[in-house]
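Chain nomenclature is as follows: A, B, C and D, assigned in order of appearance, with residue numbering initiated at 1 for each chain independently.
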Amino acid sequence: MGSLVFHRQFTVEWGHCDPAGIVFNSRFFEFFDWSAWLMFEAALGVRPADLASRFGIVGIPLVDAKARFLKPAKFNDVAEIASQVSEFRRSSFEVAHRISIDGELAVEGSETRVWAARDPQNPAGLKGIPVPAAVMERFKVA
Amino acid sequence: MGSLVFHRQFTVEWGHCDPAGIVFNSRFFEFFDWSAWLMFEAALGVRPADLASRFGIVGIPLVDAKARFLKPAKFNDVAEIASQVSEFRRSSFEVAHRISIDGELAVEGSETRVWAARDPQNPAGLKGIPVPAAVMERFKVA
Amino acid sequence: MGSLVFHRQFTVEWGHCDPAGIVFNSRFFEFFDWSAWLMFEAALGVRPADLASRFGIVGIPLVDAKARFLKPAKFNDVAEIASQVSEFRRSSFEVAHRISIDGELAVEGSETRVWAARDPQNPAGLKGIPVPAAVMERFKVA
Amino acid sequence: MGSLVFHRQFTVEWGHCDPAGIVFNSRFFEFFDWSAWLMFEAALGVRPADLASRFGIVGIPLVDAKARFLKPAKFNDVAEIASQVSEFRRSSFEVAHRISIDGELAVEGSETRVWAARDPQNPAGLKGIPVPAAVMERFKVA
């Protein structure tokens, strides 16, 4: 039994690239973010914009993000991103992202996100609440 | 009698630039936006984050933006932006922006923004309401 | 006889949106830019990254960009962009962009771009050179 | 003996923030990048745009970036970034970044960068070369 892997292909745009002609590092974190949302949509059948209201949460904010840059991604490269939940913890989870170009791994990274609700103790703040078992279930694949 | 001009200096960053080594066009609209907020702060003495609540509006959304690119702005160039309200209309206003590098005009542009409140007829929408005379007054300089 | 229209569909991402929950204005100029490149690819069968070398130019830099925002674009909206060259001049051209959501026009804008080569008089600068007739021809549709 | 710490203050802009009203994660990697360049300028007295040519390198590309988000940064927050080289290795180095708001740590992160020259074996590629001792020396403070 494994974990659902979400795949998406996209092309590196002119505006993604810096004067070295390669994707500027911050853009990869945009790619990761969007792929995480789409992975949830693929697993749960819920539009990203409806995820919070559907599950009574405020959102899935990031508490940690990282990336290793192995090969530069250049203007017009066709990139393939593969994203999966590598671990569910009680009220947070880890999303692993791998971006490949021409079949070679170019960037790998991860995000730690919280399944977050309004904090009853502090209405301006958030707190993690348990990820529903039914959610975790939907990420399992035979 | 003239109109208050807000000035700010900033340096062009690596991440602002594209593979041609010059500022990617969308970034200028970020510079315009932030300068518009700071111009309001300079005129009214109200922090950008407090502008809406202070005046009972939802915000000052854009309905039009334009720019002419006369000279490229390159990595590390020191840019000077000058922003002013070029016209107040009943419930909207025009902000003119000029970005100069080494004393030469590099980009000129403008934004049309609305003084916008929640639309009582349609709570999901916004409508322009009259810009208060006291606000307009603060943009006049002797 | 008309002019080729390039169409692309995309979904508004979380990272495109501002605290008002709508696409931040500078993002539309990213969408315009990328659609202009893809329109050239569709018309000429040349990858964006090969456009300059294929035609002996340095690029197609912007000299003017503008947008009118008619309806907000929100997180998760499915947007349809339609881009076409609305006019070829001697060494520049105008690209008209229309972004629709649910069949309603949300943003319309345009870019003026130059068919630009290295300036022999000033190697650090660029100058417009005539757009080849064969290029213009490829944008015509019966 | 310690290591030079570069400090910069900036204000969180509307365009930095997402629909949750807080800085979108990718923006922090823009802040890190720019602060790394300015730290080099502070240490070496060389403009970012001249760093490569001054030292016969191609640049200081990133091979790794990470961030931990401890407290959200909101629109209009005044952020203070402190950046320093936490370790010089033979041909790479680690830059540690800390972003504080109201004196409280909000984000901490790091970048691993390479002191990179054109690879003589593969002109399309880069390779790390030793960081000059004179460069490392300039980051030491009594």
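In the analysis below, a contact is a pair of C-beta atoms (placed from the backbone, for glycine too) under 8 Å apart; a residue touches a chain by one contact, two chains touch by 3 or more.
Not measured: the values here are computed from a predicted model.
In terms of the distance between Cα centroids, chain C is separated most widely from D.
Between C-D and A-C, more C-beta contact pairs join the chains of A-C. Taking shared numbers over all numbers used, the chain A to chain B interface scores over half, which places it in the same class.
Averaging Cα coordinates per chain places chain B and chain C 24 Å apart.
Note: centroid distance chain C to chain D, computed from Cα atoms, is 33 Å.
In whole angstrom, the spacing between the mean C-alpha positions of chain A and chain C is 29. Touching of two or more other chains is recorded for residues 14-15, 20, 24, 26, 30, 33, 75 of chain D. The residues of chain B lying in touch with chain D in their complex are 13-15, 30, 33-34, 37, 47-50, 74-76. Of all residues in chain B, those touching chain C in their complex are 20, 24-27, 29-30, 33, 58-59, 61-70, 72. Considering their complex, residues 14-15, 17-21, 24, 26, 75 of chain B touch chain A.
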